[in-house]
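Chain IDs A, B, C, D, E and F follow the sequence of writing; residue 1 opens each chain.
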Amino acid sequence: MPIVTIQVTREGTKPGADSVTANEKAQLIEGVSQLLLDVLNKPLEATFVVIEEVEKENWGWGGLPVDEYRKQRGLK
Amino acid sequence: MPIVTIQVTREGTKPGADSVTANEKAQLIEGVSQLLLDVLNKPLEATFVVIEEVEKENWGWGGLPVDEYRKQRGLK
Amino acid sequence: MPIVTIQVTREGTKPGADSVTANEKAQLIEGVSQLLLDVLNKPLEATFVVIEEVEKENWGWGGLPVDEYRKQRGLK
Amino acid sequence: MPIVTIQVTREGTKPGADSVTANEKAQLIEGVSQLLLDVLNKPLEATFVVIEEVEKENWGWGGLPVDEYRKQRGLK
Amino acid sequence: MPIVTIQVTREGTKPGADSVTANEKAQLIEGVSQLLLDVLNKPLEATFVVIEEVEKENWGWGGLPVDEYRKQRGLK
Amino acid sequence: MPIVTIQVTREGTKPGADSVTANEKAQLIEGVSQLLLDVLNKPLEATFVVIEEVEKENWGWGGLPVDEYRKQRGLK
């Protein structure tokens, strides 16, 4: 009965996308459920996955909203 | 001072509703606060309840987004 | 597929108990699962409940660890 | 590597604002990251902060949705 | 900057183990961090993983503590 | 009614301490409650703080349990 919560910033990883796509979400759900089967022998149907997309201004890193932190650090 | 977090998929239970209604939320809040009073003697005003509605494509079960899992299993 | 998380301080409600008892936990699990069935029509077997007991020195209220806050307020 | 999650109701504190402003969020991120540096010596770049704004009808207090509870108690 | 939280019951999957082993935890951490790199292009060093082991009497399924539910269903 | 959750690894910051001390916890509770009063005008008595200490083998960073990651990076 594992519960996996994945929190990411709401933004795209592909040109033109401004959020995680439905296909990427499906890959995350499949991958992490499979991992729990492989490592801990948890049946797929016993695993719940919740993906939470967080607006960038709501995510802090380095004492700053994440966009400012990335700019300061020269990260994308 | 209990904190209760209720995570559900964003969808309706009644015809025409596509999310949990304000009235259903009020019933959840009342019911769970009363439960904590009955079982653990926690005063109503010491209990916080947070309801999180999760988009269906963000919820995984059985290694699949929940709508696909339900289809596969013949669940509504 | 609801997930309910119940966070309470680790302490007893009955004389001699210093934590929530297994029986009280079972009542919380049953009560909240039934509530989700009654209000949102969620089948019992689709609901996960996680109870988290938090040490009192790890719980803050009113800007203070909870035991100090209760003392200050004359609460039990 | 601390993770700090701040959950608040989605509402404004200033006239005309109906949610937490980007500037207030930046102050929360900065303040709590600094606190973890001051108290536990955690470097700023090792702290993640996530702010979750919760719709008022999704927040319960005193067995009621928070707006009703405030009205009943004569709180703003 | 993803944050992944993995909640599982505290129990062993191998004979003689009564909890998740350090090696299994390392595999979960590696696998899920790699998944976020593969699917969303998140660098490994930007991902935090938190594993929470939950006592079985604190985990509810089907309206019952999980051990009773498994017994009832004839699950291991 | 804010809820603040602070997750840190269970380890000491002072020589001889192997966990966060009660005094450090009290400082975190006071500091973050004050911050919410200062920035969002939330009264102290409306803020709950929960501190979660996570075993180091349960915390992953850079695809590794945190102690290994620190060793690899030459961090304390």
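Here, a contact is a pair of C-beta atoms (placed from the backbone, for glycine too) under 8 Å apart; a residue touches a chain by one contact, two chains touch by 3 or more.
For reference, the UniProt names are A, B, C, D, E, F = Tautomerase.
All values derive from a computational prediction rather than experimental measurement.
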item	value
Intersection of contact partners for chain E and chain F	C, D
Graph distance between chain B and chain E, where chains that touch are linked	2
Chain C and chain E, separation of their C-alpha mean positions in angstrom	22
Approximate Å spacing (C-alpha centroids) for the pair chain C, chain D	22
Distance between the centres, which are taken as Cα means, of chain C and chain A, whole angstrom	29
Chain D residues counted as touching two or more neighbouring chains	1, 3-4, 7, 28, 32, 48, 50, 59, 61
Chain contact topology (line, ring, star, complete or other)	other
Touch relationships between chains, expressed as pairs	A-B, A-C, A-D, A-E, B-C, B-D, B-F, C-E, C-F, D-E, D-F, E-F
Chain A residues within the chain E interface of the complex	1-9, 13, 20, 24, 27-28, 31-32, 35-36, 38-42, 59, 61, 66
Chain F to chain E touching residues, read off their complex	7, 54, 57-65, 68
Residue numbers on chain F that touch chain C, as the complex places them	4, 22, 25-26, 28-30, 32-34, 44-45, 47-53
Touch list for chain F against partner chain B, complex	1, 3, 48, 50
